[in-house]
Amino acid sequence: METEKALELAESLLKDFAISTNRPEENRVDFVIDRKNLKPAVNAILVDKRWGYLSAITALDNALWKVDETTKKKTIDPSGGSLELLYHFCQAAAVATLRVSLSYDDPKVDSICDLISSVSMYEREAAELYGIEFVGTPNTDKLLLPDNWPAGVYPMRKTFTSLEDSAKG
Amino acid sequence: MTIGSMFGDIFKSLFKKPITEQYPFVKMEVPENLRGKLIWNPEKCTGCMLCIKDCPSNGIELLVVDKVNKKFVMRYNIDRCTFCAQCVESCRFGCIEMSDEMWELASTRKEPFEVFYGRDEDIKFLLENSAKGETETPC
Amino acid sequence: MEPKTAPEKFIVPIGPQHPALKEPGHFEFTVEGEVVTNATARLGFVHRGMEKGAENRTWIQGLYLMERVCGICSHVHALAFALGVEKLAGVQAPPRAQAIRELVSELERIHSHLLWLGVAAHEGGFDTLFMFSWRDRETVMDLLETISGNRVNYSANVLGGVKIDISDKQADAIRKGMDFLEERTQHYLKVVTEDETFLGRTRNIGVMSFEQADFLGAIGPTGRASGVKRDVRVDSPYTAYNDFPVKLITHTHGDLEARFIVRIQELYESYRLVRELVDKMPTGDLSVKVPRRIPEGEVISRVEAPRGELLYFIKSNGSDTPERIKVRTPSLCNWSSVLVTAVGHNLADMPMILAGIDPCFSCNDRIVTVNRKTDSTQMDWEDLRQFGIEYYKWM
Amino acid sequence: MDVNFPPLVALLLFPGGAFLLFSGLVFEYIDRKLVARFQNRYGPRWFQPLADVVKLLAKEEIIPTGVVKSLFVGLPVIALTAALTSALYVPLFGFKPVFSFQGDLIVTLYLLSVMTLCIGLAGANTEDRFSLIGATRALTQLFSYEAPFLLALLGPAIALQTWNIREINAGAGSGLWFIIAQPIGFVVAMVGLMGKLELPPFDAPEAETEIVAGAFTEYSGRGFAIFKIGRDVELVIGLTLVASFYLGGFNSPLDFLWKTLLLLFVTAALQSLFARLRIDQTVGMWWRVGVLMVLLQLVVIIVGQHLAPIIQPVIQSLFGG
């Protein structure tokens, strides 16, 4: 019951920003929002109303796969697909997720570090592994990857297979 | 508010035998369901390969000698095995079980870590063939 | 991080190889005299590429990969993964399996908290407490070995249930172990709350206010020591926590002493729970069948690890391998908050403040792929010796 | 025991020199073993300290860049020399001191402090941050325990009205033991000794979880071994001093053995009982508690001595009359 109430509250808080709302599980609600609305949305849900806490930022690579009919081999179709950022907010059992879709060409999003200082680590992780640029994040030092990791190689993207392949281009 | 509140402990332990295990000299008794070395029984195996598919560490391989007559040899790489017992769980015919042997995995050579299971004649056949270089090298 | 412009700053690096923290993590403390004025972290020294690795493995293989994210809380990782996959597949483990899962996670919590007690005492230079708490921790390690067959990676879970069963003999052993541990823990609680020299190192050190902890998202015992009421076992019960509920333990001070007290009181709660579980273990099957191909979908699976909330985001594309697995470990949440609280304390307090959140570096560092080179050569003893001789010829 | 050794023998073989080095290792072994047993462990085998030293001596000594080389090599030697020199003035192994003069107590204490000064200098010599912090802490600790330790040893000296260790040793056994007459002094001397030797809980200067090995971080091989032996020698001498002052002096080697081992037992127990003190806590404790207590006791002794001639006739007239 409380979970339901919390989810409804989250829905009402974010109704101005959400492009669409979805309930994938009974304790979850997803809001698809535009990337320029991210900061106001976080401000509305967390900073103003203290709805839960920011539990995690998940980055996703929604690559478009195409299957060759003859060889049955799966390859990536570069014409489609996108990166996606998921901001999970948890309050007790309820989980609200802000989904921000980003294109491969321009993977930029506003940093929310000035709202919550502790997200720096999550943002650094997503920036390193997916090549998402967080505009205005205070610290862009390497967090997880080795210092000699080549620039512009993002290991968690689906196109990454190995360092040797990336070097070949 | 006390000072030296662990005095009782240290005083008592003076008269107690140290708890440290004298490992190389005295070996600990292993619990009965310790997950140790795998044992494979060739009699019941149908060659469904489920255990191979599920093994998270590629520790076991099933070498086919004769598929029709269900003659298989299992090559078991103990150094790769993570002793997770998933293969035991996966096998529908109960061919695989875990023994409580071989929990001291240390050697300067590689040989003790490669074990062949199966009927003696199959193993012999396979080893002779591989000496001739006829069987494919497994991954 | 502040730009390193002022050259006269005195920076004390701790790590990656540092005797204080037995795991690799690099910290830089800017100090003035003995007082810390800035703290930064650099992780990734034990980065194993598990999230990427999981995408190339089947669901079943992924379970064992996830179990190896962390050596101390191995069970909860496998549990979170298994629960998520079961949710996606639409199956539920039978009640006895759920109870055994809860039993193992509580035993794991006991061993983790006792381990932490020893480590934190060692950081404070109280080696006697360290030795004694680790000695007693052996009891629960042995129990886990008895019931699962392994001391560290219990591998109790399979997709759809558990592998292990608890026999009456094992139940008796568990009861006996709990009695012994309860008595010892009472003693340790007395030591950490009453010993004058130890209190000098813990009281009012590393204070995190409720406001900070709540907003920055501190979780687990670290957050609960500051009065933040967050515990997945209570908030959104999983496995058998509905039938065997756990009491939420909080403290208000938010200093190191409070973290000690919260963790030790959680130990009592775990002892009670373990006894109850052993006494009232439901009967029935141990596992149900889970399909090899998991239906398409996304799921968030949250469990309470000994260090706090563990969050798994699992996305399936309908095949027998996952599309994406995101692991957010509790230590990562607590890092940022602890680095904020570090400023203004003595350098001597740093190891204890860092250890205070029970950090787990392996947990944080998972992601990049490690390519196993196909042309790698294996060296036997003689080769190695030869290599050494050759190598040193040039020195 | 009154045995006169030829100076060269006393300096190099017995009781100073080689035998002292060896017994230093034995004392270290006993200390480590006791601490281990207090923590319910087995502890090292009997040859472990010796094996450590032999191993370290056999190893290459790495001299880091950025140090004054002569200082880096010379400091451990100076530290060990000072410790060995101080051995000549104390009643080692129950034999009377080889050399003795009025005021050798001050010289001995001074020589014992050279060790810590050398550690401080050795730490400050390198560029390593851990060493620098260790050196600062070592010197800070020196300034905090030195005064109370000196004052604590002055108690028996003032009571016996001599500054000669041999006379104090002889006088300590004649009357009431000073451990009973001056309990505060004994406690302060014991704790001061632990601070001097940087034993836990006063091991902040080399706290391994904070600053690796403190001032010794850059030391390896021979230099480290010599520092280590120097520390062991100082342990023996320190225990000898405190035991001879407060536990009724020595008349025979047997006397020496049981009294110093008793003190070592107490030290080991104290080492395992407490959490490490931060350096500010150490300084605060010494100056706020240690010094004040000892000063109070000194005042009582001095006043007592001045009053004694006045009171004694009164008492005699009361009881003897």
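A, B, C and D are the chain letters, set down in written order, and residue numbers restart from 1 in every chain.
Keep this in mind: a contact is a pair of C-beta atoms (placed from the backbone, for glycine too) under 8 Å apart; a residue touches a chain by one contact, two chains touch by 3 or more.
Remember, it's a predicted structure, so these values are computed and weren't measured experimentally.
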Any chance you could check whether A-C or C-D wins on number of contacting C-beta pairs?
A-C
Chain A and chain C: spacing of chain centres that average the CA atoms, whole Å
25
Whole-Å gap between the CA centroids of chain A and chain D:
63
Dist(centroid_CA(chain C), centroid_CA(chain D)) in Å evaluates to 44
Any idea how many Å lie between the Cα centroids of chain B and chain C?
27
Touching two or more other chains in chain B are residues 3-4, 6, 10, 19
Give the residues of chain C touching no fewer than two other chains, as numbers and ranges.
128-129, 132, 135, 195, 197
Please set out, as single numbers or ranges, the residues of chain A touching at least two other chains.
none
Checked against the stated definition, the touching pairs are A-C, B-C, B-D, C-D
Within their complex, chain D touches chain B through residues 36-43, 269, 272-274
Chain C partner, complex, touching residues on chain D are 38-41, 129-130, 133, 200-201, 203-204, 207-212, 272-281
Can you name the residues of chain C that touch chain D in the complex?
10-13, 18-20, 34, 121-129, 131-132, 135, 195, 197-198, 200-201, 346-351
Any idea which chain B residues touch chain D in the complex?
3-4, 6-7, 10, 13-14, 16, 18-20
Could you list, by residue number, the parts of chain C that touch chain A in their complex?
1, 40, 42-44, 47, 49, 51-52, 87, 214-217, 230, 235-236, 297-300, 302, 309, 311, 313, 315, 324, 326, 328, 332-333, 335-337, 340, 364-365, 367-369, 371
